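In the two complexes that follow, chain A is the common piece, with chain B as its partner first and chain C second.
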Partner chain A sequence: MKNVNLEKNSIVVDKISKHYDGFSLENVSFKLPKGCIMGFIGENGAGKSTTIKIILDLVKQESGNVSVLGDNAKNANVREDIGVVFDEGCFPDEINADNLKNSFKYIYKNWDSNVFDDYLKRFSIPNKKNMKDFSRGMKMKLAIAVALSHKAKLLVLDEATSGLDPIVREQILDVFMEFIQNEENSILLSSHIVSDLEKVCDYITFIHEGKILLSKEKDLLMEEYGLLKCSKKELENVPQDAIERVRENQFGVEALVKRNKIGRAFTIDKATLEDIMLFMIRGNKVC
Partner chain B sequence: MLGFMLKDVYTMKKQMKMTLVISLFYIIFSIADNNIGFLSFVVMFANLGVLLSTFSYDEKSHWDKYARILPISYQKIVFSRYAEILIVNAVVFVILMPIMFFIKKPEQEILEVLTILIAVICVSIILLSIMFPIVYKLGMEKARIMIFVIIFIPVCAAVTIGKLNVGLNMASFLESPIANFIGYHLYIICPLIAAVFFTLSYQISKSIIAKKEY
Partner chain C sequence: MNIIISNSSNKPIYEQITNQIKNIIIAGEMTTGDVLPSMRLLAKELRISVITTKRAYEELEREGFIETVTGKGSFVADKNPELLREEHLKRIEEHLIHACDIAKVAKISEEELAVMLKLIYEE
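Here is the complex of A and B:
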């Protein structure tokens, strides 16, 4: 990996592989530039969590390299600058927000209790209530408050917004947008809720069956692809290299097409991120 | 490390209160019955009831995985748990020692009482030293059966051997010079054995955690 890559990017994943019984991560590569939010999407079991665990050094890759903030998450000093939120929440049931504050004071060198208190107020999280009485939304907000209270430069969130109501999700996305105002900061956000990613992400990385299908700027991706709805016969007139994937239904066919290759003869609708994801996974290739 | 230990204290506050109440019951019972034997239950409750339970709470909340992304080395994470063993037993020793001296029978020597307390604490440390690597390796849920086997198989074996009367002459052994030497120096021998178990256990736990994937 070139040094310039490491300076510009918060995360560089370079051809990592990992094999389990029945599942393999194959040559996964992508870069998360500083100052950006990357949405990491894919269906259940596609390899999102395994990739994130390799990035965080919770799982060892069999081949390939990972750089996090110019170094490696093995290094405790690097972990000082990473804020992580897992799907499970991860704080014991008998503990409350004040207890966490007192504990994290001795764990993170840059821990700021005032910032943590501000987030608690903002998220309406009670200081003395035990975790076991928290809703899933409150647990997630508390985990995000912890992740943001030690001057982290990189946030890694694994399914952190899944299962939350739209109001809580909106609140959390606002916080992410504030965090990213500092151009040194960046976020890797894995989620099933593609509409959330569409709102906030600068980059999209799409993983399917352990392989990266695409990793590029969201705006370019949205510009690149469009939806063509037509009959089977009409589809035959479409240049083959313009058609990425096709799905048939009772009214005809829907195709995910590359706008720059299709010409002006066809009416192309906007493809959402969800459309692109669904076509990539469930659509058929045209031979 | 202090942060991890604080988190354990907060997590276990309910468990500690319960252990304290049960311990008080045994202490009162010991004083009333003038029998220091009941105090060994206090040592066991403090060790097994409080220290082992921290693993259950961590497992349930997936704290172990989270702990590995915090800026503390895995060596320190493991050491914090082992330091808790030492702290809990030091506290237990300081609390129980005066109580034992208070309720000891007049014919008992101070060294004898002290030896009993040290031996019970050391047995607890040895038990935890055996259990911790198993818990780190298998997780608390799976380790329960192993722990049950580890504690009860030797006990059952000892009882069975005793009943079979396989020619071991315990009475003559206990009167031998070696047994006398061990008996008089138990207050040194027990901590030495416990220290060996403790150190080995810490090293094994560390290597388990170093290889563990989450």
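Here is the complex of A and C:
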């Protein structure tokens, strides 16, 4: 019996840095509270996977600390409690779901074959079909089934839902929502496709060129920013400190603005997470 | 119990939830002591963030519509007639602010607006 864990956060990343040739992760910090889903977003190559590998102790950081479930992923007990799904299916071609079941019961102490069978049925995954004949969606669903069949408390998914059709993504989101019905469980989900994340994520952490641009509650983020579409002339009347980023075209401007600083005189559209991401990366600052 | 979330609404999702639950309580569809769905269940069914449903429930609790008992769930609180009146007044105010904003933009005077209100009320 393990000690009851009183730690409020399932992941704490504290100022981690790692340098590679041509890329560095600098002072990355964020916290994922228990019972929550965090969307970890950023362009390809922004540092999402590197950060996740450091969290999972697959890559060693040069400085900073990581705590996972109140401990460290070095610890085998902690690893038991983490379900991991990577972008590319990581199972060999000549293996089927039944083979996996028979192997994993020796790998994970808490492996539950009944739970695994239930997921296979639910996801309509055949037991005897070889992995090489699986579609991308099937591989992903199978990987998620494995991740959820050993009583994990933390799910870490790196680009797992990208490239899947809307029906499969929907099925997977359902499973996520079921998983966090237990308030001890949490999910870290990295993606560059943000639309489906918008729905269920509690927190958004946005990484760009190896640095965290923001990490906060999704609802606060959506309330904080809005889109203003107007002419260049009209933009001059907008309080400067309300304008976060601007994108100009020949016929007008679009600006990502802070709602609380702009006043009621302007019509502000909702900014989606994708808008915020695009503006933060591609938009210009007003000086 | 129906809760419908609209993505095209200008109101944040938590506010849409609080408003609809308030309406359900005000209309008497749920009465004192009735159990509300758990925050996590509501989030799951509506496919929204748990923090959003939590915030909605906290808001309802602060305004005295529901009570949350740790480990037991959330219940409809004792109805307070003052509170309901207050709630209605607040909503009317919201609509009137909106009407006044339009009037100001269109340069319609306070008097004209007052006459209009009187006519509509007496209809």
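Methods note: the second predicted complex is superposed on the first by the 281 of 287 C-alpha atoms of A that agree within 3 Å, B and C clash if a C-alpha of one lies under 4 Å from a C-alpha of the other, contacts with A are read in each partner's own complex, and residues count from 1 in each chain.
The rule is simple: a contact is a pair of C-beta atoms (placed from the backbone, for glycine too) under 8 Å apart; a residue touches a chain by one contact, two chains touch by 3 or more.
None of these values were measured; they are calculated from a predicted model.
When the shared chain is aligned, no partner comes close enough to touch A:K151: not chain B, not chain C.
In the superposition on chain A, A:N99 makes contact with chain B only, while chain C stays out of contact range. Once the two complexes are overlaid on the shared chain, A:K218 sits against chain C while remaining clear of chain B. In the superposition on chain A, A:V59 contacts chain B only, with no contact to chain C.
Applying the stated contact rule after C-alpha superposition, one finds that A:E88 touches chain B and leaves chain C untouched.
Of the two partner chains placed by superposition, A:K261 touches none, neither chain B nor chain C.
Counting the residues of chain A that each partner touches, chain B and chain C differ, and the larger count belongs to B. Applying the stated contact rule after C-alpha superposition, one finds that A:H208 touches neither chain B nor chain C. In the superposition on chain A, no residue of chain A contacts both chain B and chain C.
Of all residues in chain C, those touching chain A in their complex are 10, 12-14, 40-41, 43-44, 47-52, 55, 101.
Within the complex formed with chain A, the residues of chain B that make contact are 1-4, 6-7, 10-14, 57-58, 60-63, 65-66, 68-73, 213-214. Contacts from chain A toward chain C in the complex involve residues 35-37, 173, 177-178, 180-181, 183, 199-203, 217-219, 222-223, 264, 270. Across the complex, chain A meets chain B through its residues 53, 56-60, 73, 76-77, 79-80, 82, 84, 86, 88-96, 99-100, 102-109, 131.
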